[in-house]
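In what comes next, subunit A is part of two complexes: it sits with subunit B in the first one and with subunit C in the second one.
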Partner chain A sequence: MSKLRNVAIVGFAQAPIVDADPHHTAPEMLYPVVKQALASCGIERKDIDYQCAGSSDYIDGRAFSFSQVLEVMGAWPPVQDSHVEMDAVWAAYLVWVKMQAEECDTAIVAGFGKCSEGSPTHVLNLQLDPFYHASLGLDHISTAALQASAYMAKSGVDDAGLAEVVARNRAAGAANPDTQLRKAASAKDLQGTPFVTKPLREGYLPPIGETATVMVLAVEGKAEKMCDKPVWIQGVDHRIELQTIGSRDLTQSASTRLAARNALEMASVTSAREAQVVELGSATPAEELILRDALGLPSGLGGNGASADGPVVNPSGSPLCGNPLMNTGLLRLAEGFRQLSGRAGERAVAGAKRALVHASAGHCLQQNIVWVLGTERRWT
Partner chain B sequence: MNEPPKDRIKYVQTDLHLPYHYYAGDYKALYLNALKDKKILGSKCSKTGKVFVPPVMSSPDAHAPCTEIVELPDKGIVTTFCVVNVPVFGRDLELPYVVASVALDGADISIYGLVQECKAPEVEMGMRVQAVWKPDGERLGEHTDIKYFKPTGETKAPLESFIHRL
Partner chain C sequence: MSRAVAVVGVGQTHHNSKLPDVNCAEMVRIAVDKALLDAGLTHEDIDAIVLGKAPDPLEGIMQPEQYLAGALGAHMKPIIRVHTAGSVGCTTALVAATHVASGIYGRVLTVAFEKQSEGNAMWALSPNYAFTPPMVAGAGGFFAPYCRAYIMRSGAPSHIGAVVAANARENAARNEHAHLKDPMTVEDVLASPMLWDPIRLLETCPSSDGAIAIVLANEELAKKGPRKPAWIKAGATFTEPMFVPGRDQVSPLAGRMCAKFVYEKAGIKDPWNEIQVAEFYVPFSWYEPMWLENLGFAPLNEGWKVVDRGDQKMGRHMPVNPSGGVLNTNPIGASGMLRFGEAALQVMGRAGEHQVPNVKNALGHAYGGGAQYFSIAILGTEL
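Here is the complex of A and B:
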């Protein structure tokens, strides 16, 4: 592996995740978060070289929607700006690439999406092929149910297993003041909730909420001045699979497996089990189990594979406790930052020095990004 | 939009319907609500004192909060304008008509509106104008509560006086 620039996450701030914030527009939700993130690093907007947002025009109901937030990003006089029509975690990836290209040293990443103003179900239907899939009325829940059903048939995991996965995450979410569902729920109670689309029950699906998120990144030499405990990016890779759902094996995540292998190799780490924290972008319990398989982690079901020295998986409660579209992935990366920088409060994983973070986009885990974070610089 | 191919199997018809309701939010709602009372509100930057209308929560240049709300007169000057000679989607107006950028007295940025009650060729930069409101009972707290701006007949402003607001 050739030597790359050491890049660190040095700050993060978010608005509370809520079902709907009728009191603020998307820019108004974002403004205090931008200020808070910058203040946490002891810097002002002028100290930032580059900015990148992740959002969706379809979620926002506006063409080129990212331009509406420029006024609160401090983008005047004109700044270097980009946007990805993706979860903001991919904006963070773009920042990392820009830093490797030596085009910037400091950057902010913003995520936003006023899901409550439109209909995410309609939007996620339109993400599918218009000839064969969208016209059937499939949405993110029905495709996730197809995937869950396939996975259950192959793995033998039953309804009780899915409930157990959700209950674990809900217990973790109860200790996370920044997530949306902060009330634990037992597997038995979750199994008692009605089916939305069988085999997925109401209790197995997170509400789609909204928030605004901002992350600050900086290269070695600057990062140390902006954060007491910078969290270094040791490895990262992302991979995408075919759009056509019938053309890939829904019971496994080939792209996560490959992205993880490459990210771990970049970090010079042999296995996901060497991390103390693993944070997964799974919005259904079946997705979590598929991702665990792809990363070589035990399912943890019924005590299987649960050992004292294995990584803690989903200390935040995962997207199962809060799924604000376009921010969900960046919140996973933020959890890695919080855990390794002593900002995780009550849910802090003791002695955490390395985290593996995953985030996903598209139906049935179509696209996956894997980050390896550490308290130490990767390249010396 | 072009007509689809004649042969039905050569295309898929997709009539997208995506419902949205954009929240004004508490801040914009102040401005919209005041229009019902024929009042135009702006906000003042806490750092530079610049007045923005409609009000914004933060100033783009100073990146500072604009929490102070100020009331502005419904009079100002035409800065830049254009004469529309072709029908525009969503607008049923007699052609030609004038769309102008109006700098209200005391505001640092302009708002857009129609200029009527005069012929298009009579409109010029620096012309002083005043808002013509929808009648009482018909104002709903929408930007269109200001029907248009009309010339006041006052002496026009010299270019130097508004060149920084173009």
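Here is the complex of A and C:
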């Protein structure tokens, strides 16, 4: 890989993740977050070259939903702008590409999604093949349950194993003031919750909430002036697979494996184990185990592989403690930023210098992005 | 562009009010296969895919890039999905160009589509925003006041819109892919029902099914052929909010800034004399004179005079929309990329019967939202 531009995450802010914020529209939720993110960098909107939002018309229940946040993102006088109909973590990716093309030096990324204004279950059904899958009434929970069943059959992980994964994340989430579920739960208690769709229990599924998120990115030379500890992007790659549930091996995530291989190679890092922090976009316990496999990380079940020198996985509590659609991925990247820039408070992983961040989109981990972040610049 | 980027292949479907023999995936695949064939490439040669389309409710599939991953040949590749309202097609092509300009990707496939027969455009284009009374008037009802304001401001005579529409139809008749091609005179247009004053039925874009795919490549790969590439000399997207006191909805500042930006990047000082053909996003006839002014081809309030003189017709000074434009083909999400792709074909000298002679520079333009999103590209025969 030839020499690329060093790009850093220099600021992040978010609204609290809640079940529903009935008193504020999406722009109203986003406005204070934009101001907070810019203020945290000591800059004003005019210091930003480019903006990109990530959101979904279907989630918000209106066409062109993204156009309503232009006012609060500060698009006057007119600005260079784009929008991806994806989780905002892909807006961050587009910004990174834009910076590599030398088309901008500073950018803000915004995520929002008023999940409470619609029915995510019905909306995510419409994401599936309209002829063969959507018409069956499948939604994100039933497809995840099919995947979990397949994984359990192949790996031998049982119900108690799934509960253990969730309990670990819930314990981490309890120490994260920015997530939604901040109450620890024991594996035994979680196993006592009823099935939603077998083998996934109520306690194994995250609440779908809503928030607004803003990230500030800048290139070397500008980043240092905007943040005391810029977090450098050392590598990144993303990949998608075929959607058809029956045509891919649901027990593994081939696209995550490939994206991770490419991102690690770009970062000149040999293995995910070289990171001190790993943050995964897993919304079910089976997804976490599949992603661990894809990244070459031990399952951590029953003390397996939980060695002292391995990375801390999901210090935020992962999406299992809060899954505000269209923001969930960007929140993972934000956790990497917080951990490496001394902004993780009580849950800070001591001595963290490198983080591997994953985020996902679609049913059954169809599309995946992997970032390698570090406290040091990658290219000199 | 920090690194040179070129169009090396273009493919589009035929456009119609309903393409009943194909579903979304099949329709998209036709455009993709044609673009790859045109570029002399296969899926293995493509490093990444950038897909654009307008609101998902138009077809009823949420984030259809997930479902379409197979049809796009995206398996195990990166894919980005762009949505910037009506401007999305051109913006999507520019996002793909940025991917190549980054140096990370050598060849990128960019695709845009809309299958409007699967949904109800009037409904999907009448969004319900907080604190704003829903007009339930679709795009025509929304833009008619802007056109009326233009007429009042410029003193344009009332036949100008009809002249634009009749000329666009004459052009569409030469475009094998166009949706509407039946002959239509100025008198026919003036006799058609008034839908949203001053916009008559025959001054309005249709709802179309259709898709377009374009292959972009870096300099080294573009020069390998098989065809003469069209170089992207400049491209930009500028956006402004809906609710700004004093915002000029008739000639939006974002459009003017976007045009100024790309002309500077492309080294163009006098667009009217240095650009030989332009494809503007004209969904309602009056937008042709409005964009002639907004993009700097005519002085303020004098765009209609260009139309009155006929200087934007085929065979005249600078043809606008030789393809027939959005007025005759409008798969919304694809319409902006059709402007970009048609501009590329003109530069490559491969626009067929609607080819403009001796094109060195061509402009592709799209806009969207409430005249808020602007996207412009300049394509040229030389870097």
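One rule holds for everything that comes next: the second predicted complex is superposed on the first by the 380 of 380 C-alpha atoms of A that agree within 3 Å, B and C clash if a C-alpha of one lies under 4 Å from a C-alpha of the other, contacts with A are read in each partner's own complex, and residues count from 1 in each chain.
Following the convention adopted for this analysis, contacts are C-beta pairs under 8 Å (C-beta built on N, C-alpha and C of every residue); 3 or more make two chains touch, one makes a residue touch a chain.
Since we're looking at a predicted model, the values are computed, not measured.
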Item to check | First (subunit B), second (subunit C), both or neither touched by A:Gln366 | outcome: second
Checklist entry - What is the contact status of A:Tyr31 with respect to subunit B (first) and subunit C (second): first, second, both, or neither? => result first
Next on the checklist: For A:Glu102, using the defined touch cut-off, is the partner it touches subunit B, subunit C, both, or neither? Pick first, second, both or neither.
Outcome noted: second
Checklist outcome for this item: The chain contacting more residues of subunit A, comparing subunit B with subunit C, is C
Checklist entry - So, does A:Glu265 touch the first partner subunit B, the second partner subunit C, both, or neither? => result neither
Next on the checklist: For A:Glu224 in the superposed arrangement: first (subunit B), second (subunit C), both or neither?
Outcome noted: neither
Checklist entry - Is A:Asp189 contacted by the first partner subunit B, the second partner subunit C, both or neither? => result neither
Next on the checklist: Once chain A of both complexes is superposed, is A:Pro77 in touch with subunit B (first), subunit C (second), both, or neither?
Outcome noted: both
Next on the checklist: According to the stated criteria, A:Pro130 is in contact with first (subunit B), second (subunit C), both, or neither; which is it?
Outcome noted: both
Next on the checklist: Once chain A of both complexes is superposed, is A:Ser119 in touch with subunit B (first), subunit C (second), both, or neither?
Outcome noted: first
Next on the checklist: After overlaying the two complexes on chain A, where does the subunit B footprint on subunit A coincide with the subunit C footprint?
Outcome noted: 25, 27, 58, 70-71, 75-77, 123, 126, 130-131
Checklist entry - Where on subunit B is subunit A touching in the complex? => result 12, 14, 16-28, 56-58, 60-61, 63
Checklist entry - For subunit A, which residues count as touching subunit B in their complex? => result 21-25, 27-28, 31, 35, 44-45, 58, 61, 70-72, 74-77, 114, 116-119, 122-123, 126, 130-131, 134-135
Checklist entry - Mind pulling up the subunit A residues that touch subunit C in the complex? => result 2, 4, 25, 27, 56-58, 62-68, 70-71, 75-86, 90, 93-94, 97-98, 100-103, 123-124, 126-131, 237-244, 254-255, 258, 361-363, 366-367
Checklist entry - What part of subunit C is in contact with subunit A in the complex they form? => result 1-3, 23, 54-58, 60-63, 65-67, 69-70, 74-85, 91, 95, 98-99, 101-104, 124-130, 236-244, 247, 252-254, 257-258, 369-370, 372-373
